[in-house]
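The chains carry the letters A, B, C and D, assigned in the order they are written, with residues numbered from 1 in each.
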Amino acid sequence: MISAQEFIARQDRLLAQCQPNSVCIVPAAGLVTRSRDTEYTFRQDSDFWYLTGFEEPDAWLILSNHPRYGESYRAMVVQEKDKSAEIWHGKRLGAEAALSRFSLDEAFETHELEEALLASIQGQDNVYFTLGYNQSHDRLFTEALNTLREAPKESLAPCAVHDLRPQLHEMRLFKSACEVAMMKAAGEISARAHKRAMQFASPGCFEYQLEAEIHHEFAMAGARSPAYSTIVGSGDNACILHYTQNSAQVNDGDLILIDAGAEYQGYAADITRTFPANGKFSHAQREIYSVVLKALKKRIGYVSARCHAF
Amino acid sequence: MISAQEFIARQDRLLAQCQPNSVCIVPAAGLVTRSRDTEYTFRQDSDFWYLTGFEEPDAWLILSNHPRYGESYRAMVVQEKDKSAEIWHGKRLGAEAALSRFSLDEAFETHELEEALLASIQGQDNVYFTLGYNQSHDRLFTEALNTLREAPKESLAPCAVHDLRPQLHEMRLFKSACEVAMMKAAGEISARAHKRAMQFASPGCFEYQLEAEIHHEFAMAGARSPAYSTIVGSGDNACILHYTQNSAQVNDGDLILIDAGAEYQGYAADITRTFPANGKFSHAQREIYSVVLKALKKRIGYVSARCHAF
Amino acid sequence: MISAQEFIARQDRLLAQCQPNSVCIVPAAGLVTRSRDTEYTFRQDSDFWYLTGFEEPDAWLILSNHPRYGESYRAMVVQEKDKSAEIWHGKRLGAEAALSRFSLDEAFETHELEEALLASIQGQDNVYFTLGYNQSHDRLFTEALNTLREAPKESLAPCAVHDLRPQLHEMRLFKSACEVAMMKAAGEISARAHKRAMQFASPGCFEYQLEAEIHHEFAMAGARSPAYSTIVGSGDNACILHYTQNSAQVNDGDLILIDAGAEYQGYAADITRTFPANGKFSHAQREIYSVVLKALKKRIGYVSARCHAF
Amino acid sequence: MISAQEFIARQDRLLAQCQPNSVCIVPAAGLVTRSRDTEYTFRQDSDFWYLTGFEEPDAWLILSNHPRYGESYRAMVVQEKDKSAEIWHGKRLGAEAALSRFSLDEAFETHELEEALLASIQGQDNVYFTLGYNQSHDRLFTEALNTLREAPKESLAPCAVHDLRPQLHEMRLFKSACEVAMMKAAGEISARAHKRAMQFASPGCFEYQLEAEIHHEFAMAGARSPAYSTIVGSGDNACILHYTQNSAQVNDGDLILIDAGAEYQGYAADITRTFPANGKFSHAQREIYSVVLKALKKRIGYVSARCHAF
């Protein structure tokens, strides 16, 4: 688990890279309908997660380095406490608890979103925001801009909108010890799952059963979703790069390609392996496999010699 | 598996309930982004699936009873064959193969969508369409309407837009033998999964592990997704109706509520059971459980006496 | 001026042509920005004007023949009374005065629009609405539909959306005595304006000056806007069908084509005439003019013999 | 008339104030529907007009100081030549003629807009654009951004979007000799129009007739539209700040307030005067008028002493 301090440190590092008189606006993800009144399992936005570790949908993080706030400003808009909604859909943190959990200067509820955006943007020179990523976020944002522009003192609307991602994604490339630990966990879970699928595999089984083995291994370890749609392709299906139907029955003599990785605490593993369904490579299969393996090992050696990251 | 004939029969039954000179327009679901360049597992739209059994995204079914087509008209817009896209994302049926698989009068590719909509709507009195369900479908549809209205002969635009769902959803209430078989399969898979979770459960396990057991049982039987987000709530969590976090550790003495059902070939089971984590009800737990069970049995008896459906 | 009774009679005639259990929803036009904070002269929506004679923007007329209302239902949503807005932009009728002026069963203010739409649509079988005409009206309307569909009793959302215009525009073809009087007035104003432009025209004048003469004649008679963009084309410009630049200087020997009509109380005249800038047709001009005039007269004779409308 | 050189100089001055590696994107205005198939008189966007003097709708100006273009880059997207459209709606300049008239490096036609935007934005660090001003422009722009971001080399999308207006509107504050001349012309036309309305006014005339006198004076001088909706308020109406109904009959003893200014070549006059309808102030009217006049004169003296602009 990432500590509260680490999240604060990330926010501060981001803010330090912004131009003076800037506000960063980072919306969380929302729930996505799967069918009628059912939704896909919620997946938090990666950037929002990286900066907050907050697991609720529809929140907004607001950061500013404007001198009017003193050293810095940290605010969040979160779903309001609501007895009926919480009995139906689960507990919410609420604004009051968010204040202390995230060391905020201010906390707002969803119905105050427009006002909070307006107040935080007003008088800034720069806004950092992922314009173009989500239409309804864009609309809220440009409406706030327009409201400020139409106000008597036009100059109160910021003049520059910067993409938040170049700085933030550069930051995300350099992993903390805690992140490395979680990436390792994701890798280990995924490796176990691949081995289990290999052991399970045999001619006659179905691709989706190999997927089931893998996902079960992931989920038992707390990785409830794969990091990406699991690919289990036998025979010809192994030649479709993102084959995710996983519906065919495995034949004797088939190679099986599995591309699967666990998502653990928001961190992804990504492992692809190819193996014979019946446990033995044919001569031709072995030869091709060996060529690819040799190339891979050479490449890894080449990288290791030049890279001291971990 | 539903036969091709059954899908055709459903389409004909739907069309027979439409007013004369009508066209039905039924769009498939599209892919939904989960994070950056990864997507949730595709879920076909239930109505589109009921009428076609076609598993691809972004298709459109067009049916008409207008006399100009003779007895009836059946068309589909499908993703175009595209070598590169198919190597990346999997094979597509294509327009030509769709023609015979679905006994269509015409088959179009996605880039012909606007034209196909326009041609099929023109001169009709009624359109059956799920207005308001999907903004981009609505836009395509109203643009087609406006194009016809602005054309020299204004009268060629249909004057009534009917909701497709009342008729279609009424039809879907009456299950064929084949559907009943799949519902039974969904129910049996789900019952097995619940039993497996009960056997696995013990103080100290995590809610998400019970979920993992259930989903594995589903997936091994070909039900790759649950019909709705699985609820595993222990202790207090059992009182949140749609608790889907499933993150807590189970305590000795807890009751565990599991609400989970498999989605098999598009058909859903829906089972909720409550049981003691340590295998034994406490006295108070047993009393409440018995009251609820008694009420349930009485209700089932009441229903059975009046209902001869299955 | 159309009487209040005539408007009511029109509404009743429209409602009588709707299917049972129907509601008609007719939005007024809104203000349109010309540049920054200035707007074009407000033009009411023709259909809304025909049914109400109400000159304010952003109103909605709601009519229903549902038996729950007794004989019929008549409501309007209007801009709220607002001291500051009225000092800035002019007086508003307000909901209370609208009640009696338009013999309404209910009157609402703009901030009640969503509720009023919802309440009036709920439980109806049919809605008559000009879907596809205005994006923000469409959004309000489909949001109301979706709210009703998601409500516990799904059946409360109407299943058919009819285009209001076929019936309404058929009604508008048959003019009352009062309408004929206003059309005559529009025609007479326009004829005077054409004559004045002919008298003013001479080589060296500018096309826009002829437009100025025409618009002045219109406006002095209370027709503050032309019914359509006035066309004054001299020389080659006369061959551009909708030439509205009107920027050229008139040459000796030019023919001048003027296509201009006054809009009087919402009723349009439409007159086109061609004449020589210097007062005398050349031989060739006269010949062509005579051929066209002869054709016109023959056609008018043909029409008069078969038509007894006025 | 502003010379072609002056427009080029303005573009260069704007570009010189942009950060390095920048592109400016300035869309023209579009046509606006008044009723069904008729449109309001076209009004060019002020910023686009200031930079180009181009009178056609739906054009885009693209400027860049990116070193890849050498010294600077100047491009325009214009409506394509189209025989049928030009016979109906008037001549279009077309891409070829635009090249030389505006000294462009490249000229594109409307159907190339997406490509031209994409090509010009790609690889830039900054875009100057009036985000939030027009929804369909915003959509085109963010779609171009997203296309670049999703392209293999993500870094090719610019990271900052600046509001074009602060720089441009500061530039527009300092008027050239040619602009001053046009402002003087607008002022003189407007002054003549006010005098004419005063002479025409008498008890019994209608407010809209005074408006007609004013607009005629404007239009005869080539100012086809007022710079803003003309206000003619008599009696109580004079107390509504933006009274534009202008429908009342003038009473004996009324004061009449007229607020009207011509728009000449895109430059606005803005004059307000109050006078007695019957030619003579009452005692009370005169006293108030004198107080206001005295305050005005004092203020003008105060400004003149400190300001040497003209």
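Convention: contacts are C-beta pairs under 8 Å (C-beta built on N, C-alpha and C of every residue); 3 or more make two chains touch, one makes a residue touch a chain.
Here is each chain with its UniProt name: A, B, C, D = Proline aminopeptidase P II.
Quick caveat: nothing in here was measured; it's all calculated off a predicted structure.
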* Computing the C-alpha centre of each chain, which chain sits at the greatest distance from chain B (Proline aminopeptidase P II)? -> D
* Asked: Which of the two pairs, B-C or C-D, is linked by more C-beta contacts?
  -> C-D
* To do: Starting from the mean Cα coordinates of chain B (Proline aminopeptidase P II) and chain D (Proline aminopeptidase P II), work out the distance between those two points in Å.
  => 54
* **Centroid distance [mean C-alpha coordinates] between chain D (Proline aminopeptidase P II) and chain C (Proline aminopeptidase P II), Å** => 27
* Asked: Rounded to the nearest whole Å, what is the centre-to-centre distance of chain B (Proline aminopeptidase P II) and chain C (Proline aminopeptidase P II), using the mean of the C-alpha atoms as each centre?
  -> 46
* Asked: Which of line, ring, star, complete and other names the graph you get from chains that touch?
  -> ring
* Structure fact -> Residue positions on chain B (Proline aminopeptidase P II) within touch of chain A (Proline aminopeptidase P II) in the complex are 32, 34-36, 38-41, 43, 45-46, 86-91, 206, 208-209, 211-213, 215-216, 219-220, 222, 224, 227-229, 239-246
* Asked: Which of the residues in chain B (Proline aminopeptidase P II) end up touching chain C (Proline aminopeptidase P II) in this complex?
  -> 131-133, 138, 142-143, 145-146, 149, 155, 157, 159-163, 166
